[in-house]
Amino acid sequence: MSSPDSIAVVGVSGYTGFELAKLLLRHPAGSAATFYMRDTQGAHCLSELFPQLRGTNRAPVRQLSVENILASGAKTAFLATPHEASSELAPQLLDAGLKVIDLSGAFRFRDAAVFQSWYKLPAPHAAWLASAVYGLPEFYSAELVNAQLVANPGCYATSVILAVRPLAQAGLLESNSSVVADCKSGATGAGKELRRDLHFSELDENFKAYNLFSHRHTPEIVEQTGLADSQLTFTTHLLPIARGILSTIYVMLAEPQTPEAIEALYRKTYAGRPMVRIWKAGTLPEIQHVAHTNFADIGFTIDRSGRKLIIVSCLDNLGKGAAGQAVQNFNHLLKLEEHTGLQ
Amino acid sequence: MSSPDSIAVVGVSGYTGFELAKLLLRHPAGSAATFYMRDTQGAHCLSELFPQLRGTNRAPVRQLSVENILASGAKTAFLATPHEASSELAPQLLDAGLKVIDLSGAFRFRDAAVFQSWYKLPAPHAAWLASAVYGLPEFYSAELVNAQLVANPGCYATSVILAVRPLAQAGLLESNSSVVADCKSGATGAGKELRRDLHFSELDENFKAYNLFSHRHTPEIVEQTGLADSQLTFTTHLLPIARGILSTIYVMLAEPQTPEAIEALYRKTYAGRPMVRIWKAGTLPEIQHVAHTNFADIGFTIDRSGRKLIIVSCLDNLGKGAAGQAVQNFNHLLKLEEHTGLQ
Amino acid sequence: MSSPDSIAVVGVSGYTGFELAKLLLRHPAGSAATFYMRDTQGAHCLSELFPQLRGTNRAPVRQLSVENILASGAKTAFLATPHEASSELAPQLLDAGLKVIDLSGAFRFRDAAVFQSWYKLPAPHAAWLASAVYGLPEFYSAELVNAQLVANPGCYATSVILAVRPLAQAGLLESNSSVVADCKSGATGAGKELRRDLHFSELDENFKAYNLFSHRHTPEIVEQTGLADSQLTFTTHLLPIARGILSTIYVMLAEPQTPEAIEALYRKTYAGRPMVRIWKAGTLPEIQHVAHTNFADIGFTIDRSGRKLIIVSCLDNLGKGAAGQAVQNFNHLLKLEEHTGLQ
Amino acid sequence: MSSPDSIAVVGVSGYTGFELAKLLLRHPAGSAATFYMRDTQGAHCLSELFPQLRGTNRAPVRQLSVENILASGAKTAFLATPHEASSELAPQLLDAGLKVIDLSGAFRFRDAAVFQSWYKLPAPHAAWLASAVYGLPEFYSAELVNAQLVANPGCYATSVILAVRPLAQAGLLESNSSVVADCKSGATGAGKELRRDLHFSELDENFKAYNLFSHRHTPEIVEQTGLADSQLTFTTHLLPIARGILSTIYVMLAEPQTPEAIEALYRKTYAGRPMVRIWKAGTLPEIQHVAHTNFADIGFTIDRSGRKLIIVSCLDNLGKGAAGQAVQNFNHLLKLEEHTGLQ
């Protein structure tokens, strides 16, 4: 790959953007990346801002503006920005012909009303919503080939959808029974902005639930699994660790199933998908198995009745839950192998 | 309380026993405690074995034997021993007329078959099972007054029963719907014995589920809440912290309820019970609110339909989940205020 | 102690003030404490602001003003305030006849120039500097009896002074050799104000040195040990834990000493001082031995030459390093046993 | 690099060996690696033993025996084994003509008496001691070209030597003044064997010093810096984190120096050495800057007198402190760029 097309990466000051920068610096197409920030603090390359990066590749930094991005000749832009910023930036870049991989929630819904209801913002980009491809490549690889706009999924949503969608699509779920997704995430998932509950002395040795019945990843999960709104109970918790999500998911099956049948269903769904790993029936992944990787691991146990199924789904919220998945989507746009630069 | 009766405390080498020792050393009746160990390592008092205790009260240590305990004139014995040891020790002490507070699972079930099935051991102490009082003082204070044998509840079980039993007793639960108790505990709950998954470098930055459909606290919860076996789904997880349990409990109500009604039910159930704190509807306790205390905190949220209820129940696994609750039971035996020495 | 004199406690919103509140609520004289805050948020008692405290004693909260404190009839005031606030409040309370225990650095130096040079502030309270007693009760118990103003020592300073002063006073230190105090503290010592380096995801799994050659506890250590300025090298580090300080202190002895002689010196110095525990020569305390206590633990090792001495000094930065020591000083003012309410 | 020579890697069950495996699986020459274990548990490749590795390259596992290694045609062997095992294995492999990179302490000293005195073992391999190259490539790259046996340095030793040797070689140290190296390491440095002080509940929220005046890395540091035995004071501490070493090093300079001069000395020493990063005078690296990398970072501060110098040296104990450095040495043997596979 002698001279890769230029890439624009917006928003490296947060944890997701920084992870994306680190992944792209190791990616064969990443040498062509330029990093855009609102405030460059006079820096010319990322290693001036992040001492961790000194001695690795150079990574040019520029003042963020649509003009600067367009002038650079970039063919693809990653937006690791809040949904408010993405809502503004993406349409301008798309109109200029760039491909956009957006890591915020701004383009994850087909229906503008869903976005407005959960994000409390107008959806001026409604024209683009219909065309956005939900960037879960295990299910949308066909659509990704010609996508101009990719809406990278939420971290919790990825972990739940990968576990539940195969069961829902196969019609195995009892229809009038709740799916309970009890999810736990490390602190980088809550962002880099200073906050009382993220102060070290508050989170250390602590654990808590938050945003019950109100987390913004709820509508993504509903839309992508096909569950009814009322069928999903989705709860999030904050773990005193930096990275990783573990979701414990409780479903009631319409008919008794064997462990072998469930395992076979998952294996068939994810055959040829290197970033999802299915565990042997009765064995369960832990956060340590996926931290600092782009893997999503799925394990499960069924009770003796064959109808109660508990699935444990793990991923790294910055990896498969955000930046890693963005790179995986990028690989699809470039028609590279989907795990390029991710192992 | 000029000259308290002598107390025997067995098994201070584990985390629960050590916590019990610290609580008793601050308790008005604790100056009369003698601590029994299988291997005293030549020590005469606890501070020789635990430097943390140096400079506090003296706490005599003796070689464990039934003879030594009986010779000491002890009126009450705490057994912070594994259920195998408790099964052997308790009957001998009881036969000699002592009162026994047992912190293991040996005497928690009325039905010997339940014990045998979950603990894979014969129940030679069957004669004592019927007379044992389940040591959850919020529900058994009347029985505790004259109890000779108190079976101190499991840590997870306490956290789930306190949250679910009021709802079950009031007949609010939809009968054919699962109660899901997704519970998370700090590492002291897993004990002091060296184990691969408790090695610092393995648990640090990790989180995992364990013992799905098979945790030994399951039958306690079933028996004490009156749920059907098949109605309860109880799952346990290991948190990378030392102390604390947070249980997220999902129930479906038979009829829609208001938050006010649920809060009122909890407040009425625990009126006059100082160690259970009910949170205002819609607010949730965290582990930091109960760590290093004997409180159990209960908060909840209901969805708009009024039928989906999520309860968050927190306690310190060594406090209200074990040693603190044992002291609370002891206070009942002594007819002291139940929070004596626990604040 | 039927009707204790009224106490004013200023500044409970920080970690030190909150610890002080918890200690006073367990203290025999603490039932008479009123808590003053700049912003009471409409609360009438501490438990409305700190759910951890619900169900414990009531603890009245009032709007902070000198008038309110004077009107309350308080005889003693604790100031858990920054040095700027203490500089202003203390003189007014002292002039009105109250006794003041100040936990800031405002009154720790006899020489106003030292304060100005290190704290970059005028010392308008110079008139009070001379009369302030440095609140290290192991060395100033005689002065504390009649003190009106107590300057509670810094946390790091306490840990270093307790270890070095006995050696310096006995003339054992080689005069032209550095004393190196390499100190490590948990994050509550850095305060509750939100700060990038105290954000959970930044400090978790991290460790760093800070304020080399410039930490404000330096002049306290110099003044209280009698070391020459140039003789002390004092370095501070931030540990990814909540509580505790461990100081590793390197001294060169003028003449070879036996371990027994050093241990005897420490034991003699701290005879009858219950809050300092001397470890057997060659054994070393750890943070776990002092966390959540008011103890300072001192251990040491000497090399074969008998001239290189390494001392390990541990305490809880919120206990003996701040709030606990303030209560210890308070006990001296009240002529109570110095460990009252601290075990 | 079409068909790299075969590599044997011994001892992947520990943390160092596992890290080495992960590095080699990403290394261009690593596809030719075979992994040898005493007990393969019936596994044929690493991912059967380590679920983290599933979905990455295959990595064949074989029963450890010298015969198996020789039969494989391996040209190079890594020994991530305890020094007892390395002492036995290395000579047999060397005699058969393999190159050996040993990660234990068995071959780090020129003088067999030093080894015997610190490791309490005979040095039967004395014939090989003289020929072993100390694998600190920043100083021994010339010797590495033709080395048959590389003794990979200790983790603490690497961090101290990189900081002190340039000053010592330049004659800047005051000769009769101590060099104090106060070092702190994460728990993986203490190994994977279960141990009371490495049990999660013991190390969590704890911090301690250990092995004062007796750590086995002492003689390496003395030999490689040229300090006199009595001049070095080297102390180790255990941090409640998984990975990373931070050494705070105190030296007295013979003559006053400017910060610029010290920085220039370090920059000159490590010019062209990509794995050592020198920080601007007055700025200091933290563990987060080097964790999960092969970098060693060095920063420092000088006091106003220009004679007291404090150096902070950071690295990842599994990276530059062990497995990463072994790969760096391997690159020298292969005449690859020294950071190949390490960024």
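The first chain written gets the first letter, and so on, giving A, B, C and D; residue counts start at 1 in each chain.
Basically, a contact is a pair of C-beta atoms (placed from the backbone, for glycine too) under 8 Å apart; a residue touches a chain by one contact, two chains touch by 3 or more.
Treat the numbers as computed from the prediction; the structure is a model and nothing was measured.
J.: Where are there more C-beta contacts: A-B or A-D?
T.: A-B
J.: By mean C-alpha coordinates, which chain is most distant from subunit A?
T.: C
J.: Taking each chain's centre as the mean position of its Cα atoms, how many Å separate subunit A from subunit B?
T.: Centres of subunit A and subunit B (C-alpha means) sit 40 Å apart.
J.: Report, in whole Å, the distance between the mean C-alpha point of subunit B and the mean C-alpha point of subunit D.
T.: 47
J.: Nearest whole angstrom, what separates the Cα centre of subunit A from the Cα centre of subunit D?
T.: Whole-Å distance between the two chain centres: 37.
J.: In subunit C, which residues are in touch with two or more of the other chains?
T.: As it turns out, subunit C has residues touching two or more other chains at 186, 202, 204-205, 240-242, 288.
J.: Touching residues of subunit A toward subunit B in the complex: what are they?
T.: Interface residues on the subunit A side: 177-178, 180, 182, 184, 186, 202, 205-210, 212-213, 230, 233, 235, 237, 239-244, 246, 248, 250, 252, 284, 286-288, 291, 301, 303-305, 308, 310, 312.
J.: Which residues of subunit A touch subunit C in the complex?
T.: Within the complex, subunit A contacts subunit C at residues 15, 186-188, 192, 194-196, 198-205, 240-242.
J.: What part of subunit B is in contact with subunit C in the complex they form?
T.: Interface residues on the subunit B side: 26, 51-52, 54-56, 204-205, 274-275, 277, 279, 285, 288-290, 292-293, 295, 297, 343.
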